[in-house]
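In the part that follows, the structures are each spelled out as structure tokens.
Two complexes, one shared chain (subunit A), two partners (subunit B, subunit C).
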Partner chain A sequence: MHFLAASIESLGAKVTGWFAVAYGMAAFLGRAGRLLLDRATWNRATFDVVVKQVYFTAVQILHVYLGYVLVISWLMVSIILSTARDFGLTEFASEMTIRVLVLELLPFLTALFIALRSGSAINTEVALMQVNNELDALAHCKVPPMQFEFLPRLIGGVISVVTLSGLAGLLALLMGYLAIYGLTPAGFAPYTQTIAKIFDFQIVAGLIAKCALFGLAVTLIPVTAGLETPKKLFMVPVSVLRGMMRVFLAIVAIEVVSLALKYI
Partner chain B sequence: MLLAAVAALDDDVARVSHELPLRANLSALDNIALIPLYQRHLGAAESARQAMDLLQRLGHAGIAPLRDPDMTPAQRFVTKLARALILKRPRLVIDRPGAMLYDVPYPVFIRRLASHADLAGTWEIYDFSWNQALYTQVHDTE
Partner chain C sequence: MNGFHFKVGLFAAASLLLGGAFLVYLLHARGFFEDTFHLQLAAASADNVAPGVPIVFSGIEIGQVVTLGLNEAGGILIHASFLERNARWLKENSTFTLDKPLVGGARIRVESPDLGAPPLPDGSTVLLQVSDISREIPVLVERVKAVLANVEHLTRQDGEIHATLGNLKTVTGRMTGEYGMLESILGSPEKARAVTDALDKTRVLITRLDGLALKMDGMAAKTDTWLFAPDGVAEQTRESLAQVRLMLGDAQSSLKKADALMTHAVEISANVKDGTQDLAALRTEIDEAVRRANALVNEINKKWPFARDPEVKLP
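This part shows the complex of A and B:
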């Protein structure tokens, strides 16, 4: 009986904790949204920090990222193509390539890539800022941490995931064409027709919304996880661990919901 | 005054305290330039110019490119002091300087900085009573 009560209490505490975390994130997002719409936020200083964030999140890693996309795309296209040939479904190969790579796999891998590289760094930095009282120091100097530290990271994350996924998609389309038709212009008409058939307004809007949500997840969750850190240095790794687990679960949840909305 | 009360000082006070650290990933110059950039909405170049001017007046222009981990305690203190001075608040409170300036005889060091700074406003130092003798020595040598 005691064991049952303890289990229910523990479950209740966990559920309450999840709700508290979700509420904290929603409240933070609400504040960020209000500031985003405030004209006073958009001064030269905030804009400069946003540009810096986009540079650190997307531009600095572009060559590594494109190389990684090239390898993944080539492998996936080859697997899809050989499987389609084996089953006599070659005419569907281009459509399958685009759907699997451009709409699903590459945005998902991009989000994971940014989460591992920038999300973990953001989580650690915000946690250290919290532990070291740097946020209190900024508040004392009346430098708003939301405009100076957090909002640029959220905007940078969204812009980076959307643009990197777009670039990856274009590269994958090119790889798909080369793998299916080779270096001839013969397949240009059917290939572009397939692209036009797949990318209607709804799909494009859904893809952009999904990438934007991925971008938000890989920045918003690490920032809020960092801010939750108790002021003890040994809690920083725990904060990063929690934050990154939440990011992973959020990315998977966004992908699952997007697939369900599209195909069920 | 009790030390806890220092933390509760109002907005008219600029504090220099070991509890108010610098942004670790910014240089000394950027830490100071943040204030005019965000409070007075000046451009990046003008903010940097004002910050550099202040460091020069304090006689520490050379620390401008250094980040917090690369600074000595005295250099870190000067950066914090410049950040507090650029706030242009009527009172400046130096809270327990011994906690920040453990590498120099700090009453002399602060007095020298104050003579360089040539700025308006009141400087107040809050320190433990057992350090009173250090300040008396400075007066005696003068």
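This part shows the complex of A and C:
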């Protein structure tokens, strides 16, 4: 009986904790959104931080990322094509390639890439700033951390994930064309037809929204996880661990919901 | 110059440019910059047709079904839209067929046998034919079932094929016996043995006949020698016959002499007196005899050497 009560209590504590985390994130997002709409936010300093964030999140890794996308796309296209040929479904190969790569796999991989590289860095940095009371010091110096530290990171994350996913998608479309039709313009009309068939307004809007949500998840969750860190140095790794787990769950949840909305 | 701002600027510009180009391409692909061509397809049934069903020409999608509904008369009207650039494949003699393959979704196939034909006007109504494989399958299955039932009937335990196979088994079983095929045809080893015995006897008989024929050949050769040798029977016969001829020739000449004698005798008797009636009668008789003898000799000469031995009668 005692064990059951303890289990229920622990479950309740967990649910409460999750609610608290979700509320914290929503409240943070609300504040960020309000700040975003505030004209005073958009000064040169904020803009510079956004540019710096975009540079570190997207531009610095662009060549590595595009090489990685090239290899992944080429592999996936080859596998899909050969499988489609084996089963006599070649006519569906181009559509399958575009759907799998451009709409699902590449945005997901981009989000994971950014989460592992920038998300973990953001989480650690915010956690250390929190432990070292730097955030309080900044606020004390009339440098609101939300405006100069957090909001630029959110915007940079969203822009980075959306842009990188878009570039990866274009590269994958090119790879798909080359793999299916080779270096001839002969397949341009049917390929255009397939693209036109897939990318209707809903799909494009959904893709952009999904990428933006991915970008938000890989920056917002690490920031809030870092802010939650108790002011003890040994809690920093725990904070990063929790933040990264939440980022992973959020990315999977966004992907699953997007798939459900699209195909169910 | 701030290198880091430059890089971000380049990245942003390139991304915007590529994104914008793709957007324009997408709008072009979706026919945003061109007119839409509309077509109405009249069908007997709307089975398998739904908005979004592709319309393909030579395997390439050129349009799709937009809406479908009933008209005033209760028929099905399917509205399809095409991009202006794809509408050029639609001709007045084009046929529209609804295909429902076993794998993949339904689609409407357009076939334009003559691309030189006048183009189909916008908004026209055409007939949609149906070729549904899945609908033919139950019919096919029924027929296959009937065929299988027949096969089952033929191959049942007491069926004809079973009996035939049994007989065949007996026959082939006999074939493996001592007398092989012969036994399988005749039915038992005894009968087969009788046939082989008869054959053996025939063989012996033929051997003997062969010997006999050889002997007869020898005899014939001997007969030839006997008959036609330089001193053989044939030669002797020929000589004898030659002698007979000579004899006959002698007989003829004797008769001629007798004739002359008789003529003289008649003349003498006529000169002496008118002669007597007896002598005249005698003369007639001798003439007759000579004539007959002559005829006989001639006949023998003509028919020689096959003539019978003629009898020469003299008066």
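Things to note:
Keep this in mind: the second predicted complex is superposed on the first by the 264 of 264 C-alpha atoms of A that agree within 3 Å, B and C clash if a C-alpha of one lies under 4 Å from a C-alpha of the other, contacts with A are read in each partner's own complex, and residues count from 1 in each chain.
In this section, a contact is a pair of C-beta atoms (placed from the backbone, for glycine too) under 8 Å apart; a residue touches a chain by one contact, two chains touch by 3 or more.
Keep in mind it's a predicted model, so treat the numbers as computed, not measured.
Upon superposition of the two complexes on subunit A, no clash is found between subunit B and subunit C, which fit side by side.
With both structures placed on the common chain, the touch criterion links A:Leu37 to neither subunit B nor subunit C. Residue contacts after overlaying the shared chain place A:Leu89 against subunit C, while subunit B stays out of touching range.
With both structures placed on the common chain, the touch criterion links A:Ala260 to neither subunit B nor subunit C. Looking at the shared chain after the overlay, A:Leu4 reaches neither subunit B nor subunit C. In the superposition on chain A, A:Ala137 makes contact with subunit B only, while subunit C stays out of contact range. With both complexes superposed, C is the one of subunit B and subunit C in contact with more subunit A residues. Once the two structures are overlaid on chain A, subunit A sits at the apex of an angle of 160° toward subunit B and subunit C, using CA centres and rounding to a multiple of 10. In the superposed pair of complexes, A:Ala189 makes contact with subunit C only, with no contact to subunit B.
Once both structures are fitted on chain A, no C-alpha atom of subunit B lies closer than 13 Å to one of subunit C. No residue of subunit A lies at the contact with subunit B in one complex and also at the contact with subunit C in the other. Within the complex formed with subunit C, the residues of subunit A that make contact are 51-52, 54-55, 58-59, 62, 88-89, 91-92, 163, 166-167, 170, 189-190, 192-197, 199-200, 204. Contacts from subunit B toward subunit A in the complex involve residues 11, 15, 19-25, 34-35, 37-39, 41, 43-44, 83, 87.
Those residues of subunit C lying in contact with subunit A across their complex are 4-5, 7-8, 11-12, 15, 18-19, 22, 25-26, 28-31, 54, 59-62, 103-104. Across the complex, subunit A meets subunit B through its residues 43-45, 48, 125, 128-129, 132-134, 136-138, 140-144, 147-148.
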